[in-house]
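Just so it is clear, A, B, C and D label the chains in written order, and each chain counts residues from 1 on its own.
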Amino acid sequence: MSKQDLLSIVPLFILTSAAILILFSIAVKRNHKVIYGITTLSLLADIIFLAVAEGPATWTVEPLFIFDGFGKFNLGLILVTALAVTMLSYAYFEQREERKEEYYILLILATLGAGTLAISKHFISLFLGLEILSVSLYSMIAYLRKRERSDEGGIKYLIIAAFSSAFMLFGMALIYYTSGSMEFGAIGAYLSSLPELPIIMMAGFGFVVVGIGFKLGIVPFHMWTADVYEGAPLPVTSFIATVSKGGVVALLVRFYSQVNGYQYNSLVVIFTVLVIASMLVGNFLALRQHNVKRLLAYSSISHLGYILVAFIAGGSLGKEAVSFYLVAYFITTVGSFGILTYLSDKDRDAEWLDDFKGLFWKRPWTATSFSAMLLSLAGIPLTAGFVGKFYIVAAGVKGNTWLLVIMLVLNSAIGLFYYIRIIAIMCEKQGATDANPSTLRPSIYLISGFSVAVLTVALLWVGTFPEGLIGLIRSLLSP
Amino acid sequence: MILPGFIVSLMGGGILAWIASQKSLVLTRWISLLTVTVNLLGALVVWWQQPGVSSLWLLDYSIPWIPQFGISVHLAVDGLSLLMLLLTFFLGAIAVLISWKEIQNRVGLYHFCLLWVLAGITGVFLAMDLFLFFFFWEVMLIPMFFLIIIWGHENSRYAAFKFFIFTQASGLLMLVAILGLYFVNGNQTGNYTFDYFHLLEANIAPGVAMWLMLGFLAAFAVKLPVVPFHTWLPDAHSQAPTAGSLILAGLLLKTGAYGLLRFIVPLFRDQAMVIAPWAMAIGVFGIIYGAILAFSQTDLKRLVAYTSVSHMGFIMLGVFSFNELAAQGVVMQMITHGISTGALFILAGFIYERIHTRDITRMGGFWKSMPFLGACGLVFAMASLGLPGLGNFVAEFLTLVGAWQATHKFTIIATLGLVAATIYSLRILQKVFYGTQASATMLVDLSIRERFIMMALVVSIIWLGLFPQPILNTSKQPVKTILEVPDTARTKDKSMQIEIVSIQGKGGRYE
Amino acid sequence: MSNLLWLIPALPFAGSLILIVAGSKLPKKYVPLIGSGSVGVSAFITLLIGMEFITSESGSVIKQVLWQWIDVAGFSPAFGFHLDSLSLVFIFVITFVGFLIHVYSAEFMAEDEGYARFFAFLNLFVGSMLILVLADNLLLLYFGWEGVGLCSYLLIGFWYQEEKNGSAARKAFIITRVGDTAMAIGLFMIFKTMGTVNLVDIQGQATSVWTVGSYEVTLIALLLLGGAVGKSAQLPLQSWLPDAMAGPSPVSALIHAATMVTAGVYLIARTHVVFELAPTAQFVVGVLGAVTLLMAGFSALTQYDLKRVLAYSTISQIGYMFLALGIGAWSSAIFHFMIHAFFKALLFLAAGAVIMALHHEHDMFKMGGLRKKLPVIYWTFLIGAASLAALPLITAGFYSKDQILWLAWAGEKGNTWFFLAALVGAFITAIYTFRMVFLTFFGEEKTQVSHVPGSLINIPLIVLAVLSTGAGFIEVPHSLGHLQWFTDFLSPLLPITIIRPGIESTEWMIQLLAAGLSIGGAGLAYYFYGVRPSLHIQIKNAIPQVHNFLLKGWRFDSLYDWTFVKPFVYLSNVNKNDLVDWPFNALVTVAGFIHRLFAFTQSGILRWYLIGIVVGAILILTLGILI
Amino acid sequence: MTTIPAEYGLVLATVLFMLGLISLLIRRNIVFMLISVEIMLNAAGLAFIVAGSRWSQADGQVMFLFILTMAAAEVSVGLALILQIYHQLKTVNSDEASKMKG
């Protein structure tokens, strides 16, 4: 291993060591604040390292990892999002009675897994990343183990994740069986020597798609999403919605482009069907949903569909669009769940629509940022979501995937309904009597509030002046 | 610098008004009134100083925004935009004034929304970059949505949703079309840009162009609205607060008409000519359909809303007649309809403030207790039925004269729409002002502020009816440019030209 | 002097504006001063300009362009006035009769709470009417045309608190608007072919643009005729006028007798070039006139309401004018217009005074014996009635109507049917006119007189009575001395009617016939209503259906009600909730249904979810293998 | 020495995989479901070994080791969760754990 190799995987090291450090720290003394500090600092350090570390534009750590612009970008995105989730977690868990400290270990490990996915170029690293992520998530989802729904979510996620992992592994085995390699590039090279996709290979791809589809929560592998989102503690939900999906999207894009999946009509058709189904089913499921967590879950299904529209459209613009939309979507999703977190009290999460009644008049700022988040999800200008959607439509139009573009437009229109419904409810005149549940010092909420504010500003900033972000993505993505 | 100034000042004024509401509501109202008035004066100054009719673009402002996509903040004003700006600020000021007493809760937020709607509309009228245009197109909806849902009437949620989803969904189709245009042009010229002036020269294959045009048309047709897509309008108009209805009817609908003139005709001239008979047909159908529906409504605001549907049919007819007369008529129609229908909504608002109902079966005999209101109602009912001497007549007559050059049968039907307009307009007068007053309580006639508002509207509608020429002069050059077939297009496609001739020829006979 | 022309319409407008803005605050005595004063000054200026016009060389016109109204792509009507002999006659009648009616109204309306409003509207009307007749282009004419329509609407519905007044006003406006629409289309056509709407240009160029009898010009003429029949209450758009009597009597006098309803006559006379190029259309004008005059005359025979008799009589008399226009007797039509304006205004004003005197009693059968109680009114009414019935030699109506009768017989475009219609019409006119007189002023007194009119009412009546008698002498037929001042005055503008050769000698026979018929009619009326009053009741009872049919104006209202109003209202009400909304709402319902369907799959059961994944896997594999 | 054709191994792995799949679908008991998943994972592992042997590489076996480790981790977490579920629902019937739906 060369020095550059080592240097490259420092981000992973930092996370690993942070996890170990927290373990030790817990062994010495349980202190939520300290652990929280360690987590935040290590994530920050990681981000800073990633930002300042110099090195070649692309560096591969054979055979497992590749550090190119796309990988770095996604890694960075995952780390930042993880940081944001951490920020939101503190107040949330501080209210709970469970032991809070191990959560951070799991969080860091899950981030590690997702990060690994983002830079992997080999089935083994893929598998490891995926499983580190998954296993951590099982525990995270069921973390508030006294809550029935938490456990239910955990077990559902576990069984389904393992089930789909099995599919994916079997698929990888089939691919390996045919091509003789587990490295994406080599598989691509093997395939390019063949006139068409061998049937076993095809089956392998199909099984891998099942696994990936599960993680992304696209139709028909989406059914767990709502239950898990609902059952999991809010910060975890936001983590699942963002980091875990982001890593897999990065992986999918890399894998697909390396094996050059665009040339296989059947794959394109499969994805097209899945994407259209995701958009439609997600939106229709969300349409009259009364539980905001579930609603956001269903909306995430359709949003993944939107992202994959750009993915199918392909090309450099498609890749950019995916990256950009991920950013926008992450900001928005973390922001939305952050607001839910912010509004949650000791006993239960703020998740029913009734909890938001008259929010505009009770907590105008919170409501305003939540509206901004929802409008961003709906793709309304002045928000990042709009530019993101614009980007995707641009990619779709450029790639001539008209069917998908039209479906996207149609679905955006359907989606409008349930987003603005929440806003409408927040505007309603009288609210339920506010029992003022915050039993903690207000200063604790400061962090959450601050994070939400930062996210809102970022949302609006990216929505109004996307130039910088687009420039960054372009510079990283262009070889 | 004055062009971005318009938009920024409105946005800034909105924020300022919101902040000021913490201290004093009166201050909030004054801030927003002042902001709009200053803008109105600014626009008037631009109008005053315009260097004759010869130069098309009076002001131009451009800075890059998202250079990666060739998007810039490109604002420019020609006569057409200028007129629309004047209308926007004029009605904007009136909207602030009518809200003075009507809005008593969450005043700061209200004025914020109001000014931001105006900012969005201003942006739509100024944007010369298609992305920017779309941006503003969508931006104006959100504050409008809030205006309807927070300060609206009993069924405001349904109305707001309908409004929002209709306009958004159609807007997205336009986005797709804009992007299509962008890439078609970019692939051809290598210059990927959203700039209007560049895209004007795009050379698009007819089949593609048709689809692109339909995308644009979807957005404009819903906004205008054209008949099968009009159903959001009666709900939104009747549920919105008075200022909301005023802005909806007076300005928001005009963005659709403006879009037809600014984008559909110059960008997709040939395709627009192909669909012109259909477009005119549904326009004319809308005239009659809206008028018939208006007649049976019992909700005063809903009634007026349907008259809007009817009047907007003239715009479809005029735009797709492709001649200067009709197009100038359309421009006049945009302005005069904004004023007259806005005024009718304001009247409905005044009445609502007094008797707390919009049901015309519970009105009657108001002439006795509120003669001033009655006189104003008379003026605007007459404007609505196209009485000469009031601005709407000039608009509709020009449109019809122009349309006659293009099509006979549609023009005849549209002219019959004038009869229908008479029927519903007189019904308003009959039900509201004639007869005996149902309730025994004496109603107070308009206050000084209300009188001022009405006088401003009455004077302007009469002025437009008697001296429309300054307006027509201002819009003359832009309209000509929009209609003019550029030299390149003339030689570009001979067969298309022949087709146009045959279409026109078809309309030339007496049918 | 001639550049004061603009003041003629401007003054009434100014008066109206003052009254609208400040009317309610002005002391009551200033209101009629402003109202009548403005029209009075206009009349005075008209007199001055008229003098100048007459003394200047014949054929000259006075033009005055105030400002360019619209100028778009060649469509450039100006706000410009054009005074020639035809307009002069009209503005003379409008301002003078208008002034007299204003004066009359000052007393007549004095008790009404809408005093200022009344004068404001009346002034507005006079202004609009003046614009109509002074306009130098068709669009400005249309401006005035619609303006008078508005005022008519406002004044019919002047007593707005009564539901039926409002309905009558609406009916008037809407029906005339139907005609206006036709006229507007005619305007479009004229502009398209001629590129101008200027009246002088049209007059000058028409013959070079169209050949005689061409399809296009006929269509244009018919469309213009459409406008004219609407405004002038001719068949088939006549049904609004009787209802329009809901307005105050001065309004009926000014608008629905003297001026506005003759706008159609003006329009056709003004565009006579077009009609001359379209003989078919011109013939239609004549036919409509002839039929209308008969139908309205028969209806007038049966009415109970004093004002409705006059209304039908107005329709009938305008029918005469149309008949005259139809046979190319242009100046006769205008002459009859003028005379009609005098006597019909007189009759309406007198009727108004009667009605006021009898506490708003309109029914003639409840009147009677008023000749002693209201002598001034009796005598003036009698003079007016005589003029209307065209009693020979002494009345102006005789001279004007005789001219039409004669030309219908002798004119090149005349024919026997026209002549017969006119003749029968004259007979009926005499009957219903004197039926009125006998019922109202003779017999026993049935209702108490409560209000004896004062001088402000009497003076206008007297002036009009003088005019109704004396004005006829400016145009005396051949057989009686041959005087043609009026025709000569109009002749540079309106061509003289050509008379079939070798027919002049029969003129005295025609006159004798007409005179005999009118006297006979009056006598018949005397027999029925003076000598044997029970007879007409017997007749009525013998043929009640016919009576009712005529009473209801040939049931045109029911016809239109069934063919237009009811279907429209039905259509409107049936679609009140907008059917177009239905598919959109259905879409919402369907979306909700799909939502429930999908939500059903989210059963919360783990195995269900697993099956979902398996199904997905199978789907993917199938797709992958199939494609 | 006669070698077993690689396809046979693959078929075996597939059959194993299907068995696991079917048993997963028909079982209600969460413990059995967990076991079924393990069978499926092992089937995948077998497939890896077959593939590795086909190409005479150690990679397949490496992968199998990872799969084993992962499966162990998964089972441990899974059993813990099942305990919790049993604690709350007094059953290990997966159909009972369906409080969240819609």
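Observations, loosely collected:
Following the convention adopted for this analysis, contacts are C-beta pairs under 8 Å (C-beta built on N, C-alpha and C of every residue); 3 or more make two chains touch, one makes a residue touch a chain.
Just so it is clear, the model here is predicted, and its values are computed rather than measured.
Where touching is counted per the definition, the chains common to subunit B and subunit C are A. With C-D and A-B as the two chain pairs, more C-beta contacts join A-B. Centroids of subunit B and subunit D (each the mean of its C-alpha atoms) stand 65 Å apart. In this assembly, the C-alpha centroid of subunit C lies 96 Å from the C-alpha centroid of subunit D. In this assembly, the C-alpha centroid of subunit A lies 43 Å from the C-alpha centroid of subunit B.
Centre-to-centre separation of subunit A and subunit D, using mean CA positions: 26 Å.
Residues of subunit A in contact with two or more other chains: 155-156, 159, 163, 167, 226-227, 289.
In subunit C, the residues that reach two or more other chains under the touch definition are 599, 602, 604, 606, 610. Shown are all chain pairs that touch, namely A-B, A-C, A-D, B-C, C-D.
Against subunit D, in their complex, subunit C makes its touches with residues 599, 602-607, 610-611, 614.
On the side of subunit A, the complex with subunit B involves touching residues 360-361, 375, 378, 380-382, 386, 390, 393-394, 397-398, 405-406, 409-410, 412-413, 416-417, 420-421, 423-424, 427, 465-467, 470-471, 474. Residues of subunit B touching subunit C in their complex: 162, 227-228, 230-231, 234, 289, 292-293, 295-297, 323-325, 328, 365, 367-368, 371, 375, 378, 382, 385, 387-389, 393-394, 397-398, 400-401, 404-405, 411-412, 415-416, 418-419, 422-423, 426-427, 429-430, 433-436, 466-469, 472, 476, 510. By the touch criterion given at the top, residues 6, 10, 13, 17, 20, 24, 30, 33-34, 37, 40-41, 43-45, 47-48, 50-52, 54-55, 57, 59-60, 62-63, 66-67, 70, 73-74, 77-78, 81-82, 84-85, 88-89, 94, 97-102 of subunit D touch subunit A in their complex.
If you check the complex, the residues on subunit A that touch subunit C are 155-156, 159-160, 163-164, 167, 199, 202-203, 205-207, 209-210, 213-214, 219-224, 226-227, 265-267, 269-270, 273-274, 281, 284-285, 287-289, 414.
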